[in-house]
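Labels for the chains are A, B, C, D and E, by order of writing; each one numbers its residues from 1.
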């Protein structure tokens, strides 16, 4: 482990206020599966935090709890900054599955969050097309989801999340179905947006490389019951680019994270 | 500090070891219980209120009992004429259940047949439509010419009224099976019958059950209409005859008693169908799933 | 015993008393028939079951349908007329100024489909009633009770009783037979081939029914009433008594020709007279050969006249 | 060499530049054309065959014309009585369409109301069931006491017959919206109305249209039954009146002519509903999609 | 580029007979999208062939054509060995989406292919449980799909494909939703099965590393119209293990493939 990784989560932006804290969260499903047990996590404003962990360890469940789509069985979720006018709608989500409306075109799907804010098709047009451009689907705006490949559907979902320019972005394995080149491009795009607009990003991925490339904090989880086994802050400076990917620092980080992941796996009964 | 998840306010910091005794858990369990009871109590309360309203409307508007009898009168008729009405109810129930059974299985079988080939569907769906829209009053005599047993004739009439929703909805359902799954079955060389049995029928379940819910009530109407047009006698006669006679004799309380029995039967059938839906769908279909939040 | 069935025009009621009486007394059995009575209803179409042999005798309405049968080439024939008068009435509220036949033209009338297609056509042609004043009658008098300015159709033996009992007043009664609608009220029809091939069966049924009616009206009708109540469990004694009383009072079953020629009597003159009226009303085509509609072979023999004398003691 | 994909046999090695003129393309286009025409021709042929069969059955079994008239007689009656029948048809159509409209919008509106709150649904669904199963012959007098216009009364009666399938199917459909999408809408803070408009209604479309398909035929039956029990004579009378009168007059060919008009109307309504389904669903729903293989 | 990569596709198993050949396949969808244009590809018995290419380039379409789920607009698909008793049902498929029956349990879903062959639940039990064991889901056999995480659903789909011990296995991004450790384990399992039973595997992935680790042939495609731009045979010997992953050879291969992919992307109008 290199010195650059600080285990306590006290990193570059540790001084920022927490925008949401999970406090001793547990989640037990009615069929008895304990998805999470007594998990605590503070997410600070402006962080790019990645959740990493074996399949089924509760990453998606954490995201769902953060967005109050699911309520925890015990424990509490606090949004300390809520009263200071933070609009909860300035949050965007990329689900693990594309979750597109089959009856709407690609344009209609990406337009949706704007439409829900009352923005007309005409007014939304440029922003929607810009988002589609970013994911490389500008030419498919009139297609229906069923006419798209798996990766293209996922990109529509990403475009939909980006079109609102959210303050907080939660992404659940958004790039898993994409080829590396598209993935790298989108990695850079997201990083750029994050830096430019000061977003907070909570990111789930299975790729150690991706997590290291993107995040300033990596939370490694273990499964059943899902819990945090490692919380690392990465001090590598932004903007990161291709040089970072080939740097020794990057390799070191990757190895550290990979080791942590292995340790997490060993902590499981699973597999 | 603003708290997003409601229950958090009331709950003090706790260790989490005491999960089963957690006040939060308790309050959740209580809510669930209220809901469970509410599902039964609320409709009953609303029904009671509407009965009271019915009574008040009769009184306030001085509606004479031969137009709209007060509930108490109907209740008295129900009690007094129970021996007659109960037999009529039984007879009607017999036809209703018979019609429901053949409508269900007939509709299902036809739907399966129709989805086996697009050409069969195109060729024979019009006949199903014709059967649906043909007024049974017009063809009842034809039926009774060729069918000897009155009961069988009644069953056929009631079936004609009830089968279409099952057929139509099931056909729709069978055609709505997910295409990726269909591909999977094709890939594995599933036979027509296997695809039907393991894929299309389960996928059609929600639609089929929806059709049943409609057909349940229609079977009842069918049984009643059939009796109207077929005019059966004596021991075999059902609620339709009671309604007809009571209405002709202006014994309106008794007519309403018969109507109430019909309504009650309809509701029981509906609840039964809902229960069936729950049994078959609660494990997997959106419409019946209890999602956990 | 030969099995035959007889389809009536409604669920069991006093208007079917004679037939039930003959069944109960064994009158049919005595001449070799086992009769099954099949009750009908307002929507039930028993007519078509007669020519195809599903039933052997039918309680027909008035003569109009017999004319239609001839017109359409249907091999059925009227063999007896058990109601000498059409029991159809029109009813109005007693104190609303609708006390004359003429005044009926000014109000809406609740008329059922059957009436609309038969006597009402005659009322239009003969008296200038209009189709537009007709409102649907659903065999329920509540709408009539609710509106003083409505008239409605009825059966002399049924609706007036219900109205009197529930509405608490005696309605004005206009028996349409009194205004010239001289059809026989209810008839017995049978298949022509039965008449040709088994005249004894027809004879037995017609005469048995005549005796049944005599017994029902003038003798001990308890057994028949029991049978009626068994076939129609909701029927009240009060209603039965009222119906019988009205049938007697208005001479529905037994009046005019039947007093001497026996219950069920028919004459060529009356049928011709009614036919001419219907032709004038445009309800029937003039081409119809009336004589094919009925046969007098089984009636007018005075069956039951003696029995009546015996029962009534005069 | 075994060839899996059928069409390959006939096709010689080709460069692929000539895609539009490719014989394969041509044969595909031909198949598509046959299918398109078959959709219309086949049912017509089958109908014609069944008419011939009907005729033969009448002849072979010597069925008298007053029981089942031969098609030619019916046809003659249809032509001869067209002036009367066409007016009756129009009147029936008027009630049918009216009933269909209010059944559609009424059913939809009720379904939307019911899915707004589980409690509303639990409380008021029983009333819908009661309405569905109440024989209109029994409540027609009540309706006519309080409704002056005969036409309005008929509409109400026909509506009672037809509304339930729309209500029931739409409720089912509204409840079947994908949960992940519901979560998405919740996430974006969609209002109730927006969720309804943009998510639940589109998701319910296939079910709703399925309900419409059933309700279309039922509206027609409703219009006829309503006229049977409550229709008046004169200028407003429809096909039911024709059937009753013809049957009263034993003019069975005319009765069958009226029945055929009803069947025809039923089929036209059905085709219309199918067309509607196609328009709304062919872009996305399994049941209407033409998958490309 | 190292000498070990031979561009013509004449590799270790080049001498084996082709079990399926695509001949000048084109696929144009009715909305005008040209998914494939004049693509030819021979797949030889016993090959582990990977299709690599940008999102939307037609990889899934190729697999669908191979399984005759889709017929090509022009061109032909030949199975030269068909008449020699090759049962077409000895083919298994992992779709890009999990494609599970929502009304069946995990067990029921995995049982399906056996059930379709008429094997009873009892007889199938051991084989199903073995397949579930392999993907680490033995404890979830009675769960319903909706109770699983995204990765777990995909693993059920993989188990379903493996349970029949197919002769030919087609997998469309099977491991995209899995964490690296699970992924590595399954990589090794598949390789092991492939070697043991002499399977033919057609594999689609977006991971260059995975493709190099697994395949003895990599076909790189370019998008719109989808076509083959590179067809490489990898001579590295099997069994491959962790040593292979750290070998210079591996790194070389990865770089070569990555370059080929970049070249393919540049050949696109896309992005």
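The rule we apply is simple: a contact is a pair of C-beta atoms (placed from the backbone, for glycine too) under 8 Å apart; a residue touches a chain by one contact, two chains touch by 3 or more.
In this text, all values refer to a predicted model and were calculated from it rather than measured experimentally.
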Q.
What are the mutual neighbours of chain C and chain D in this structure?
A. B
**Q.** Those chains which touch chain C and also touch chain B
**A.** D
**Q.** Whole-Å gap separating chain B and chain E, where each centre is the average of the chain's CA atoms
**A.** 48
Q. Approximately how many whole Å separate the CA-defined centres of chain C and chain E?
A. 86
Q.
For chain B versus chain D, what separation do you get between their C-alpha means, in angstrom?
A. 20
Q. Counting only residues that touch at least 2 other chains, which ones in chain A make the list?
A. 29, 69, 88, 97
(Q) Can you list every residue of chain D that touches 2 or more other chains, as numbers and ranges? (A) 67, 137, 141-142, 145, 178, 228, 247, 285, 289
Q: Among the residues of chain C, pick out those that touch two or more other chains and give their numbers.
A: 43, 45, 47-48, 52, 138, 140, 142, 146
(Q) List the residues on chain C that touch chain B in their complex, please. (A) 11-12, 37-49, 52, 54, 138-142, 145-146, 158, 161-163, 165-167, 230-236, 239
Q: Could you pull out which chain A residues touch chain E in their complex?
A: 29, 31, 33, 52-56, 59-60, 96-97, 136, 143, 147-152, 155, 172-173, 176-183, 185, 206-208, 258, 261-262, 265, 270-271
Q.
For the complex, give me every residue of chain C touching chain D.
A. 43, 45, 47-48, 51-52, 65, 68-69, 71-74, 111, 113-114, 116-118, 120, 131-132, 134-136, 138, 140, 142-143, 146-147
Q) Which part of chain A faces chain D closely enough to touch in the complex? A) 64, 67, 69, 88-89, 91, 93, 95, 97, 99, 101-104, 112-113, 115-116, 144-146
Q: Spell out the part of chain B that touches chain C in their complex, as residue ranges.
A: 64-67, 81, 83-84, 87-88, 137, 140-142, 144-145, 228-235, 237, 241-242, 244-252, 254
